[in-house]
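This report refers to the structure that appears directly beneath it.
Going in written order, the chains are labelled A, B, C and D, and every chain counts its residues from 1.
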Amino acid sequence: MKLMSILDHVASAPAAAAPRRALFQQLGRAAVAALPLGLGAALPAAAETKDTSLDALTQLLLLERLVSAFYTRALANTSLIPAAQVPDFQRILRHQTQHVALFTQALQDSGAIMPAMPTFDFSGQRNVPGNPVLFPNVLTAYDDFLALAQQLEDLSARLYRSQVFNISYDPKLYKAALSIVAVEAEHSAHVRTLRRNRGVAVKSWPSATDAAIARPAAAQVLATAATGGEDNLAQEQQAGVLVPFASLLSVLRLTFVSDPSVAEAFDEPVSTAVAQAALSLFY
Amino acid sequence: MSDNLQPRGSDDATFAQPLYTPIKRRSFFMYAGATAGASALVLAGCSKDSDPVKPNLPTGNSTTADGSISLGSGDVGVLNYAYALEQLEADFYSKVAALSNGASLLGATEFAYFQQVAKHEAIHRDFFKAALTRDAAGQVLRNLTPKYPAGTFDSKTTILATAKAFEDLGVAAYNGAGKLIKTPAYLVIAGQIVSVEARHAAYIRDLITPGSFAADDQVAAASGLDMAMTPKEVLNTAQNFITEKLSGDSIGVNA
Amino acid sequence: MSEHSFSPAWRAQPLGRRGFLRVSAASAATVALVAATGCDTSTPEPVLPDPNLITLPAGDNGLLYSLYLLALAKATLYQKIYETPPTDLTTAERAIFSDLRDHEVAYRELLHLILDPNYLDPTKAAQLFPTDFAFKLTSFTLTTRAGVLVAAQQLEDLAAATYPVMVPLLTSSNPYQRVLLLKAASVQARHAAVVRDLLAPGSFANDDVVNAAGQLKPKTPVEVNTALAPFFAPYVISVANLPVPVL
Amino acid sequence: MNFFNIINQLAEVDPDVMGRLDTRRSVFNSLTSMSKRAAMAAGPALLASFFTKAYAGTTAGDPKEVFNYALTLEYLEADFYNKMIASPYFSTASAAAQAAIRQISKHETAHVNLLKAVVTGIGGTPTPAVTFKSATFASLTSFAAQLQVAQLLEDTGVRAYKGRAGDLLGLADVTITGIGTINPLQSALQIHSVEARHAAHIRYMRNQTPWITGTGDLDSQPHYTGAIPESNTTQSNVNLIAANSITPNTTYSAADAAASFDEILTPAEVTDNSRAGGLIGA
């Protein structure tokens, strides 16, 4: 990412953009997050991730563009989604389109360079015909479509949770993003419910008991980004202090909750780097 | 004879009987305890019987002012305390052992083991009842009515979690009550039972999380000590599973 | 009423029916005055014109109490459904309600622990509310599938809509609490979606609850309290001290 | 008076009866000589053997002696597990098995340190460390063979602690630097139940029942026999398996009755060469 160019651009931004200049208040201490070895090499040059407010908005925009494109193409294939569910995905698409507009506006207001629209490829071939197909039939077979939709919605809810505090400098965006977390979670829950109704062992919330979605190794990062670590039981209430669930939720106190259920009660975040690696599978 | 070596509530009249009376027809704990029994035998003619129970200490199975059932005082209190816990455990396992879908719910081998544990706990319960009936007639805790949260017997998860909770609680209860016992024989009995409870606890823990038989949440890593709990702590918890209100205020307290 | 009133020392005192949290509007002012003029440990118990008024504290604790009440409400509802499910609720649906119960018990207990760090120590634990304080289910119809779903949707929509409002109002310097609540926030939304879909398939995230910007319509603490208030009668909960969202 | 018979019956429930009779506790000071005189008169041969066993070089009933006795056993166990972990066969075990042995080893080492502090804290001198006989260990040429010995050690440990609990009855709490205030009896019980957890797990690792039913592959070893064998089905003169004995219309099996109560071993039995005694050495 061309930091100097962005800063130049900001400096010459129109006065109307001033209120959004705060977006860049964190740029000064932006640090390029090192990607895990081996992962970085597989990513496009632009995929470096940093946890600044600008990077947060940019990444969320990418996510929403990607998901919008996915549903747009899915709905374009009129034989893919059963008629009864078409309105569901039209609604989801409408929300995603609204989210795209929100971040587009936020970036424009702050005078940032608008990232180019990627050419999305949902086969996982990344626009190179010779590459292996990682996500077969996702735009032609309903169950395959739903499986990918679930992973993308899970990833969306997670990524918002991870990025939301990076944009908390702007109360309006912060609140919007928090509200969107809830909407993405409702989307995810609905897709999961649709899959469950089709006989897949999956709950409406990520659970250790969910049937895994089989993917080639090269696509595994999507599963990691969508649901990796959802069996986590270690929740910190302060730095280094874990919530004592074992004693809090015990048989003897008549408050027993099984470990998988405790894990379900807390959705987990995703690191921006892992999220980026997953998003990068599609363009 | 020293006051603190005689089981409270034992039948003092037996001291006056001829020494050739066969042991099995006597108050067995006085003899089983070796020290108390033997010293009683040897010193029967030259020591005074201990004072009767002071009236301000409740007897076992009596009703207290607030309507609770007292477990009693002194060693009888400890025995009734153990009896109450064994009643609860035995009831729980008998319900598990009776599950028609037990083998599919828990696994065939595990279900068979649970049926063994059910027998162990039933034996513990019935043993205490027999011992108390003989040694502290009139103070034997009544049959309690255990109660469980909805769904307790519906899934492997809740059955195992409840079993683990009860077994770990039982171990901690016996460990904490040992020092309240005055009669060595009772202590030996408690020791003989608590290690079996610990075996159960270890097994069930291993079923829930393999290798957690003596995990750091139960056995302190620095000292290597298992948990110990006071009767008050244990009863506060056990009360959640027993319909009758129990009072253990005088457990181990002697006149 | 100042947050000071929630100091452990205050809470550790034995609580009679007239004790905890119940401060009328007038007496709240009195307490505030006392606090402002050098509140010490001997805050006098104010005169209580309304013994059933429970005033939630200001600041983060007030928000946490509010979330606790939501969790308490939902856990109470789901426990009841779990114990005596309507006969027309399918096995699969019962499993969902069992999960809902588990999650809400976890939230209720967690929030209780956050509000009272001594919660797990019976010798020191405070009492958050009077012993007969409860979420009453009498106005719901819990004998039919439709009835339990209507009740559940009411509470889940409320929770899903208020978490995004409450989280940014927290001012604590402890970020872990916010993260924890955020992790619960999206699960609340999942609950809302699944319950909505059970009641009316495809009604997840519909226009009743999502605005034209694709965001969940927010509910303020006051709105939440207004919705829950009837169920806590005879107690009356005042959220007058709670932070108010500015945007 | 048939004192012989009385002692015999007492011994059924408490083989350490004579050891107990000679405790230092004041209440028995006068009793000791009396009982000895009475006992000698009643059955010299039996009692002589009893006394020989019960007094094996120590002063029974002294809490310092009891804790040093426990310390000796913990030294033996701790060294055994250290040897196990250092053994070339350790790496042949599964990760779970290795983790279990490490966890047990951690406890035994903790017990050694605790007991040393307790002995010192109550005014005694910790007994010198003992080790598991190297030659014997060398003969254990597989992880499975080592695990057999681990089971025997743990089950013996459980029985040994149980046999001495009575000697700690009534002792006041002691405050020990670095540990805090402990009740000696309670601490012994807390170690005892940990040993039982260890025993159960090792038996489980070996596909044995976690409790002692009498049908296990090692159940005929001396570690499970003794004056009161683990197969015992009579507790304190109560026959647990006779019909209607403790429960109307219910008859319990011998295996269930035996498994529901673990039995004691006396110090003499524990330190006998057939049990732990034979495993101590250079």
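The rule is short, and it goes like this: a residue touches a chain if its C-beta (ideal position, glycine included) is under 8 Å from a C-beta of that chain, and two chains touch if they have at least 3 such contacts.
Since the model is a prediction, treat every value here as computed from it, not as a measurement.
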Pair of chains joined by more contacts [C-beta pairs], B-D or B-C: B-D
Most remote chain, CA-based centroid, reference being chain B: A
Distance from chain C to chain B - Cα centre to Cα centre, in angstrom: 41
Averaged-CA centre spacing for the pair chain D and chain B, given as whole angstrom: 21
Chain centre separation (chain C, chain D; CA means) in Å: 54
Whole-Å gap between the CA centroids of chain A and chain D: 60
Multi-chain contact sites of chain A, meaning residues that touch two or more partners: 258
Which chain pairs touch, all of them: A-B, A-C, B-C, B-D
Chain B-facing residues of chain C, complex: 79, 82-83, 98, 122
Chain D residues touching chain B - in the complex, by the definition given at the top: 1-3, 6-7, 9-10, 13-14, 16-17, 20-21, 23, 27-28, 31, 34-35, 38, 96, 99-100, 103-104, 106-111, 114, 158, 161-162, 165-166, 169-170, 179, 183, 185-187, 189-201, 204, 209-211, 213, 235-238, 240, 245-247, 250, 252-253, 256-257, 259-264
Residues of chain C defined as touching chain A within the complex: 96, 99, 102-103, 105-107, 109-110, 113-114, 119-120, 160-161, 163-165, 167-168, 174-180, 182-194, 197, 201-202, 204-206, 210, 212-216, 218, 245-247
Contact set on chain B toward chain D in their complex: 2, 4-5, 19-20, 23-24, 28-29, 31-35, 37-39, 41-43, 113, 116, 119-124, 126-127, 129-131, 171, 174-176, 178-179, 181-182, 184-185, 187-189, 191-203, 206, 210-211, 213-215, 218-228
Sites on chain A touched by chain C in the complex: 84-85, 87-88, 91-92, 94-99, 101-102, 157, 161, 164-165, 168, 171-172, 174-176, 178-190, 193, 203-205, 235-239, 243-245, 247-249, 255, 257-258, 261-262, 264-269
